[in-house]
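Note sheet for the following structure.
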Amino acid sequence: MFPNSTYAESVDFAFWFIVGISFALLVVISFLMVFFVIKYNRKKQVKAVNIHGNLPLEIIWTLIPVLLTLAMFYFGWMGYQDLSNPPEDSMVVKSTGQMWKWTYEYDNGLKSDTLYVPVNKPVKIDLVSVDVNHSFYIPALRIKRDVIPNRENFLWFKAENTGSFDIACAEYCGLQHSYMYSKVVIMPENEFNSWFTDATNKMNTTLTDTTSIK
Amino acid sequence: MTSHSSSNNGYESYLDYRGKGTGLKSWIFSTDHKRIGILYLIAMLIFFVVGVTFGFLMRLELIAPGKTIMDPQTYNSFFTLHGIIMIFLFIIPGLPAVFGNFFLPIMLGAKDVSFPRLNLLSWWLFIIGGLLAIIAVFLPGGPVDTGWTFYIPYSVRTSTNVFPALLAAFVLGFSSILTGLNFVTTIHRLRAPGMDWFKMPLFVWSIYSTAWIQVLATPIIGITLLLVIFERAFGFGIFDPALGGDPVLFQHLFWIYSHPAVYIMIIPAMGVISEIIPVFAHRTIFGYKFIAFSSIAIALFGSMVWAHHMFTVGMSGAAMFIFSLLTFLVAIPSAVKVFNWVATLYKGSISTDPPLLYALAFIFLFSIGGFTGLIQGSLSVNMHIHDTSFIVAHFHYVMFGGTGFGIFAALHYWFPKMFARKYNMKSAKVGFWILFVGFNVLYFPMFVMGWLGMPRRYYDYLPEYQIYHFISTVGSWILITGLIIMFANFIHALLKGEKTNEMNPWGGETLEWHVPTPPPLENFDEIPIIETDPYQYKDNDLSNTEVKEVN
Amino acid sequence: MENHSHSEKHTPHYGIYIIVWLALLILTGVTVAVAGIDFGGLTVATALLIASIKSYLVLTIFMHLKSESKVFSIFVGVALLFLLISFVLLFADYSFM
Amino acid sequence: MSSSEHGIAHVHRDDIGSRLGMWLFLFTELILFGGMFIVYAIYRFTHQQEFHLAAKELNTLFGTLNTIILLTSSLTMALSITALQKNQKGLSIFLQLTTIVFALAFMVNKFFEWSAKFHHGLFPGSDVLMEKSNGEILFFGLYYIMTGLHGLHVIIGVVLIGTMTYFTSKNRITSDNYVRLEAAGLYWHLVDIIWIFLFPLFYLIT
C-alpha cells in the first residue's frame, strides 16, 4: 500500500523512524538478556556479584531515551501541523456519516455515495454525523478523523496519484460497522470536471422533473 | 482446595484454619488476607477462562471473510464482553487483589491488612459486580454491544443491556477503590519495625503507586458511568448530543480513569518482575531506588496522558501537543525499569526456572508493547493507525504480554508458598514456550494488518487481509494449547502434586520466604524487626568483596 | 512505625469552632452580597475564592488537618493535585478550540 | 505488639490508620463530585449565557438558608466530638442529635425547592425544559444530579450519625475510643464542603 500524498509520506517516514530505533533497542535488550542468561548461568557454578547500581549509567539510559523520544515527537508533531492547516483554496466536500453509509455533498448541493475528487488539488472534507460517532478513514492517504454529532470536524488531503481507494469507518458504530465502506476516486482534473458538470446537470433535471410533477 | 490437610508443624496454617463455620463458609466469610487472595484468584481465573473463550470464538469467526460461525450482533457483544471481563474482572484485580492481598502484609511483616473486614467487602463487591456482568448477558434485550468503552451516543441509543453492564463496572470500581484504600493505609501504618520506605520490597512499591491510582482515578469512571445511567434512565441531558451534550467530554472523563487504569494493570506486574529477577539471578537488584521511583513517576505522569486515546476526535492543537509530548515522556520510567532489570542479570548466577522465563518474556513482550506505544504517541502516525488492529495488537502486547505474563510469572513464583505443593517444572517450561510462540503468532500479524489499514471491531473484512487473520487465528489455537498445559499443570499440582513444606525453594530474601509453608494464620508469631535491605544476597559478598560497588 | 498512643490529640476547645462557624457565616454573607455585583470575568473567580477560603477553614479546623500529622496534609495535597491536573489538561483542550 | 486472640483475625487498634483510611475514602467522594464539577466547568465554559439564564430560575434564598443550616450542622458535629473528648457524653449526644435535626431541615428545604421546580415543569425530560436551549437543559441536568447526589449523601450522613449516636449512648463510643465518631464527623464536613462549592456555582451566577 503505497503512500498517496506528501502527508502520507511524512507519516511513513515518522513510522519507520520510530520502528527503526525501537527495533534496534529491542534487539539490544533481547540480546543482552539471552547473553546474560547463557553466560551467567547457574550451571556454570560461578558466584554472583552484587552490584547495587551505577549512577552515571542510570543518567545515560534516562537521557538517551529522552532525546530519542523528543525526536520522535518532533516528526509526529510536524506532520500533524500539516494536517490541521488546510490551504485556503481547498475544494470543500461535506461528508455525512450515518448508520451505516457515507454521503458526500459538494458545494452546489450535488450528492454522491462515492467521493470523486481531482488529483493534485487540496480537498477539505467537512465531517458531519447524524446519529452516533463514526470515523472517516482513508488508509491510502493515512488520514482519519472522527465524525461526531454536535462537533465540526474536518480533514484535508491532496492526492498525488489517481486511482480508487477505500474509505472505511474506523469508530465502532453498531451492527453494520464493518460494512460501512465507500470509495474515494481520484481523477485527473479534466475528468473530474466533466463528471461534476454531468452529474450536476443530471441532478438539476431530476429536480425540475420532480417539481413539474408537483 | 478445601481438601487440604497439610502436616501441622506446630502451627495452624491459613489453609487448615477453622474459625467461622466450616467448609465453604470458612472461606467466603474469612477476613484473612491470604484466604481473600485465594478467593480472588479463583474468581479471577474463572472470568479469565470465560474471557479467553470469547476471544477464541471471535478469532474463529475471523478466520475467513464473511460469516463463519456467528452473526454480527453476536460478534459485537463478544468483543464487548471480552473487553469488560478481561479488563474489569481479570487484569485490574489480577495482581493487586490476588497477590497484593496474599503477599503485601507478609512482605511488610504485618499480620493482616489495615481493614480486614473492608477487604472481605471488596471481594463481595467484586463478586456482585461479576454477577451483574453476567446478568448483562442473559437479560432480554441482548448482551451489551457498545464495546467496553461505552462511547456516547451509541451507548444511549442501543437497546441492549447497557444498564447492568454500567452498574457492574460501577460496583467493580468500588471494589477496586476499597482494595486500594486498604493497601495505602496498610503500607503507611503496618510496616514492621525497622522497615523504612527504602527497605520495602519493590513489589510493595509497585502496589503502593497502584493503590493510589485506584483510589484517585476510579471515582472518575464511577461518576461518568453513573451519569450515563441517569441519562439512559431518566432522560437527563449530560453527554447526549441530541440534548446539547458533548460526546467528546464523555471520552475525556472515560479516559481520565481508563488510561491510569492501564497503569493499575501494568505497574504491579512490573513489581513482580522486580521480585523475580534478583531471586533467580541470585544477586541484589540493580538500581533499587530508580525502580521504586519510576513506579511513582509512571503513576504521576500516567494520569496526564489520557487524551492520547482521542487524537482523532478533533482536540485543540495545544491539547494535542501536550498530550503527545507527555505520552513520549511517560515511556522513560518504563525504559529505566527495563534497563535496570537487564542490568540485574549481569554477573548473576542465573537459574532458568519457569518464573524467570515468564519474567524474561514479560520484558520482551512488554518492550514491544511499549515501543509500539511510541509509534501511536506520534501524532501524524496516530492519524493512520488509530482504531486499527495495530492498536489491538499493541494493547494485547502490553496487557496480555505484560500483565498477563506477569500474572503467570507470579503464579509460578509464589505457587509453592501459597499451596504448599510442587508443580511439574518440565510441563511448566513446555507450557511456557508454547504460550510464548502462540502469543506472538496470534498478535504480531495484527500489527501488520493494522498498518495496512484494517480497522478494529470489524466483524467482516476485505479479502486482502485474510492471510493475516488466518495466521492470527492459528496463533490463538497455539496460545490456548499453552494455557491448557499451564493450567493442567497447576490443577494436577493442587490435587496430586508433591507436598512441600520447604520454606524457601527459590532462595528469595523477602519476608514471605521466611515464614513457614503454607503461611500460618497470622503470618508471624512475633513481628520481625527489619535491619537489612530486601535483596542482600550477602553470601555473594564473602568472596567478592573487592568487586562490590555501592550506589 | 507503629504509633499506638491514641490519646495524642490536642486539648479540645469549643471556642475555636464557634469562631470558625461565625467566619463561615460571614463569608457566606459576603459571597451572596457580591454575587449581585458584576465583576465581569472575575465574578466566578470571586465566588470560587470565597468558597475555597471556607473549605480551607472547614478542612483545617473542623476536620483537624491542622493538628493531624503531616502525612494527612500531603494526602489531601495529592488528591487535589490529581483533580487540578484533570481540570488544567481538560481546559488545554476546550479553551484553545 | 499485643498478640491477638486466637481464631479472630487480628484485633489491632490503630486510630491514625483508621483516620487515614477514612480520608482516602473521602478523596474518592471528593473526586466523584470533582468529576461532576469538571462537567459543569466545561459546559459553563461552552454555554456561558445560557447558564446565566438558567441559574435565574433558582431561588437564592433557599440556597442561602440551606448553606447556613449545613454550616451550623458542621459546627454541632465538630462540637459533639469535643464534648466527648471532654467526657461530656450527654452533651455530645445532644449535639449529634442537633446535627441530625439540621440535616433533616436541609432535606425538607430541598424538598420544597425541588417541588417548586417540578411545579413549574422544570424536570428532566419535561416539555417545558425540552423547549429551552441546550445550555439550559444541561444546566438543569447537572443541577438535579449534583444536588440530588449531594442530598443522597446528606441522607447517608443522617444514618451514619444516627448510628454513632446509638453507639455513644450504648458506650461503644467513649471518651477514649471515639475514632468512629471522628470518621462520621469527617464525612459530614466533606458533605458540607461540597455544598460550599455547589451553592455559588448554581445559585449565585445569575
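Per-chain numbering from 1; labels A, B, C and D assigned in written order.
Operating definition for what follows: a contact is a pair of C-beta atoms (placed from the backbone, for glycine too) under 8 Å apart; a residue touches a chain by one contact, two chains touch by 3 or more.
None of these values were measured; they are calculated from a predicted model.
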Original post:
Where's the contact count highest, between which chains?
Top reply: A-B
Original post:
Per the centroid of Cα atoms for each chain, what is the distance between chain B and chain D, given in Å?
Top reply: 35
Original post:
Roughly how far is chain A from chain B, going centre to centre by Cα mean, in whole Å?
Top reply: 31
Subject >> Distance between chain centroids, defined by C-alpha means - chain A, chain C (Å) >> reply: 46
Original post:
What residues in chain A touch two or more of the other chains?
Top reply: none
**OP:** Would you please write down the residue numbers of chain D that are in contact with two or more other chains?
**Re:** 1, 14, 16, 20, 24, 27, 30-31, 34, 38, 42, 46
**OP:** Any chance you could list the residues of chain C touching two or more other chains?
**Re:** 2, 71, 79, 82, 86, 90, 94-95
**OP:** Go through the chains and record each pair that touches.
**Re:** A-B, B-C, B-D, C-D
Original post:
chain C touches which residues of chain B in the complex?
Top reply: 188-193, 195, 212, 216-217, 220, 252, 256, 303-304, 306-307, 315-319, 322-323
**OP:** Would you pull the chain D residues touching chain C in the complex into a rising list?
**Re:** 1, 13-16, 19-20, 23-24, 27, 30-31, 34, 38, 41-42, 45-46, 60, 64, 67-68, 71-72, 74-75, 77-79, 81-82, 85-86, 176-177, 179, 182, 185-186, 189-190, 192-193, 196-197, 199-201, 204-206
Original post:
So in the complex, which bits of chain C are touching chain B?
Top reply: 1-2, 71, 78-79, 82, 85-86, 89-90, 92-97
Original post:
Once bound in the complex, which stretches of chain D touch chain B?
Top reply: 1, 4, 7-10, 12, 14, 16-18, 20-21, 24-25, 27-36, 38-39, 42-43, 46-47, 124-125, 133-135, 137-138, 140-142, 144-145
Original post:
Which part of chain C faces chain D closely enough to touch in the complex?
Top reply: 2-4, 6-7, 9, 12-14, 17-18, 20-21, 24-25, 28, 31-32, 35, 43-44, 47-48, 50-51, 54-55, 58-59, 61-64, 68-69, 71-72, 75-76, 79, 82-83, 86-87, 90-91, 94-95
